[in-house]
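Same chain, two partners: chain A is paired with chain B first, then with chain C.
This part shows the complex of A and B:
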């Protein structure tokens, strides 16, 4: 029974990482129609920046976290501004495909940059806090708490501010929103920056629990893409529930079925849901 | 247009036939790899270039074909000449089973699902240690049995074997693409709803195109297995699918001949950059982004643009 409790807890913690990355991806995908694979590499780069901020510069963990988020946001902003925006008008037939390929090329590029600069050797992120409660170290619990705080901030931003309203309008109908005076370029910059910050934050939060290595972003990215498809677009709560749910299912599947296929369950769930409910579990596609 | 293609293909076949006569064994080896990748990109073009859906699972089907063929010959002692068609057919059927639900999805959803499928197959290859030997790699694969007195243990014979099957596949695809089926596939690519409204069974043709294209990837995998004689799951990880898409894109979608040339060009560029293994994929990704910015239709698009300006 205690093992079950621990596994569910661990599932919630890793699930909150999926949910954080997925929230940014969801906003980007629903507004710009780009599955931004590059978020997976911002995750990696932010983790390295956080690591160096703690080990080399000796900054406290909170500063490293904020720095990681800033780096993620900046990179995502620049990629949108310099690359994706070129094809935003989609003046030729393959423009949507070009954006997707560009996203994957960026993912490929940054993953290899990290590998070339810092080698494939996993590095340990020093622990920033001691102690545990109910068998969970404080560092693990912090991931969940921080994820929920970030979710609430993003939710309030989207629902309560004027910029948030513009984002919601653009996600419903970008063309119409533009006609009504929403600056779609600003909205795009904003959602990419938010997405990058969330990916970066997730990476630094989870880095002390595992290690930092160039391909650390692959799995969170894949799971987050699944969460976006499962959760459906335009639903902050859907992303949170699907992300946490996927984490728990994986943790329980690893314990009761087979740990070798822990990262394959998401694929089965994805196929199953798409067959039964092609529009995702929550909201519209 | 089709006449120019025939001339280019004829010249390519001639050059490829002649290469082993004077080139070093290293060049023959690199060209063999390039031909295998050409088979992958040409078959990929049949699905993605002509029918439309962008898929990231071609490398996975390549891997399934390679492992099926290798395991059949290793475990049951089956001859390569039986194992290759069997593994091609296995991949064909398997792709139909996967493609039927997956192809109901449109656009990016299909792309992401196939991306995930590719990763799932990689996990299966990596984790079924008692069958595939997982990360240790599957070695000891025999070369194809001698046929008509030709011993396929040497590389030149293997080169001509792969060239033979590659040429056969390209001819088959060219005939298919120029037939009425090819026109139906293009109609799906151009406007799926309209094609459906005009009475085209789009679901059937999409699954068919997906299965044929994947089946040829399986055939290329089988040839690769008996050429390289050592298989490792990482050969078929998502990087491979990604490389296939890049080669396809460099060549130009929906031209069949473009992706064949693209595969050759990319294989040679990667081979030339072997002196800096960590940096070659970086240079390569930057090159890809540059291609997307300058001419998203690839070499074929560039060729048409230059020709259009002259005219």
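This part shows the complex of A and C:
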């Protein structure tokens, strides 16, 4: 019983990491039509930035977290501004395919940059907090809490602010939104920056639980893609539920079936759901 | 002059739809744009609103060039659009759709007073302001589309088939609203399935055929013109 409780808790914690990365991916994908795989490498770079902020600059963890989010946001913003924006359907045939290739290329490029600069050796992210309740370290619990706080912030931003409403309007009908004065370039920049900040935040939050290494973004990226596809495009709540759910299923699968397939469950579920319900489990918000 | 369109050519990629079209609309005029399905009315309108680039020619609003400026800047010239097919934001509430209509208005007090004005014209929108736009009936959606366009207090409003698919009673409502706007001094460009009705309330009209202007003049003259009668009034 206690083991079950622990596994569910750990599932929720890792699931909240998937959900954070997925939320950014989802927003970028549903609004700009770009599956921004590069988010997986912003995750890696932000983790290193957070690590160095703590180990080299001696900053407190919260500062490292904010710095990681800022770096993620900046990288994502720049990639959109300098690269993706060059290829638009209106002016460029096959824009979608070029953007997809660019996203994949960026993912490998940045992961390799991390490898070249800091080697493949996993580095320990120093613990920033001692203690535990119910068998969960505070650092683990913080991941879940921070993820939920970030979800609420993004949700309120999207639903309540003028910028958020412009983002939603642009996602439903970009042409009409423009006629009403919404600058689509600004919307794209905002969405990429938010996505990058979420990926970066997820990475720094989880780094102290595991370690920091150049390929640490691969699995979260793949799992987040599964979550996006399962959660339905444009649904904030769907992403949260699917992210947490996937984490729990993985944890329980590892316990009851086999931990050998731990990273396979996501794709098994993905294939199953796509066969039965091709539009994902949820509609919109 | 509110709008001056000079010799524009436009279309979709390789496909040219609008050929050398010129058109003028004076301040406070209602002008009807008449043409068969596929004549290019919506294409012309989208071009004026900046959604399609012109390949040549000029468009001026109150003397200022707007051709090939980014679409999101056009509204600053006082233009509002009631597009073909409504194009509401279905997963946003009625109120949010209206707020989007006043997106460029920075002063919340003005947004508030514009909202009151629109609610005055369409009381139903006020009652149902928290409903999702996508769940509205066709007639309600049409009111909302017009309301959204009015939220920026436009000087010039373009309506592309605002009464398409509406019950006759509601069509009358739409036309009444247009006359109210006209009295308030708003300049109007109107595309309507119901050609007779649109000519009756218009000052002047243009007839578009295969992307070219083939006739233009006073609406009252066109109403009695034999060719117009035969082609568009079903007589």
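FYI, the second predicted complex is superposed on the first by the 279 of 285 C-alpha atoms of A that agree within 3 Å, B and C clash if a C-alpha of one lies under 4 Å from a C-alpha of the other, contacts with A are read in each partner's own complex, and residues count from 1 in each chain.
By definition in this document, contacts are C-beta pairs under 8 Å (C-beta built on N, C-alpha and C of every residue); 3 or more make two chains touch, one makes a residue touch a chain.
Everything numeric here is computed off the predicted structure, so don't read it as measured data.
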item: Superposition on chain A - do chain B and chain C clash or fit; value: fit
item: Contacts of A:112 with chain B and chain C, given as first, second, both or neither; value: first
item: Partner chain in contact with A:172 - chain B first, chain C second, else both or neither; value: second
item: Partner chain in contact with A:226 - chain B first, chain C second, else both or neither; value: first
item: Which superposed partner A:181 touches (first chain B, second chain C, both, neither); value: second
item: Touching partner for A:255 - first (chain B), second (chain C), both, neither; value: neither
item: Touching partner for A:273 - first (chain B), second (chain C), both, neither; value: neither
item: Larger contact residue set on chain A - chain B or chain C; value: B
item: Shortest CA-CA distance in Å separating chain B from chain C in the superposed model; value: 16
item: Intersection of the chain A residues that touch chain B with those that touch chain C; value: 285
item: Residue numbers on chain C that touch chain A, as the complex places them; value: 49-51, 70-76, 81, 83, 87, 89-92, 96, 99-101, 103-104, 148, 152
item: Interface residues, chain A side, partner chain B - complex; value: 29, 33, 35, 83, 86, 92, 94-98, 100-102, 104-106, 108-109, 112-113, 115-116, 218, 222, 225-226, 229, 260-261, 263-264, 266-267, 270-271, 274-275, 278, 285
item: Residues of chain A that touch chain C when the two form their complex; value: 162, 165-166, 168-169, 172-173, 175-184, 234, 284-285
item: Chain A contact footprint on chain B (complex, rising order); value: 54, 101-102, 104-105, 107-109, 111-113, 115-117, 119-120, 123-124, 127, 238-239, 242, 245-246, 249, 253, 278-279, 281-282, 285-286, 288-289, 292-293, 296-297
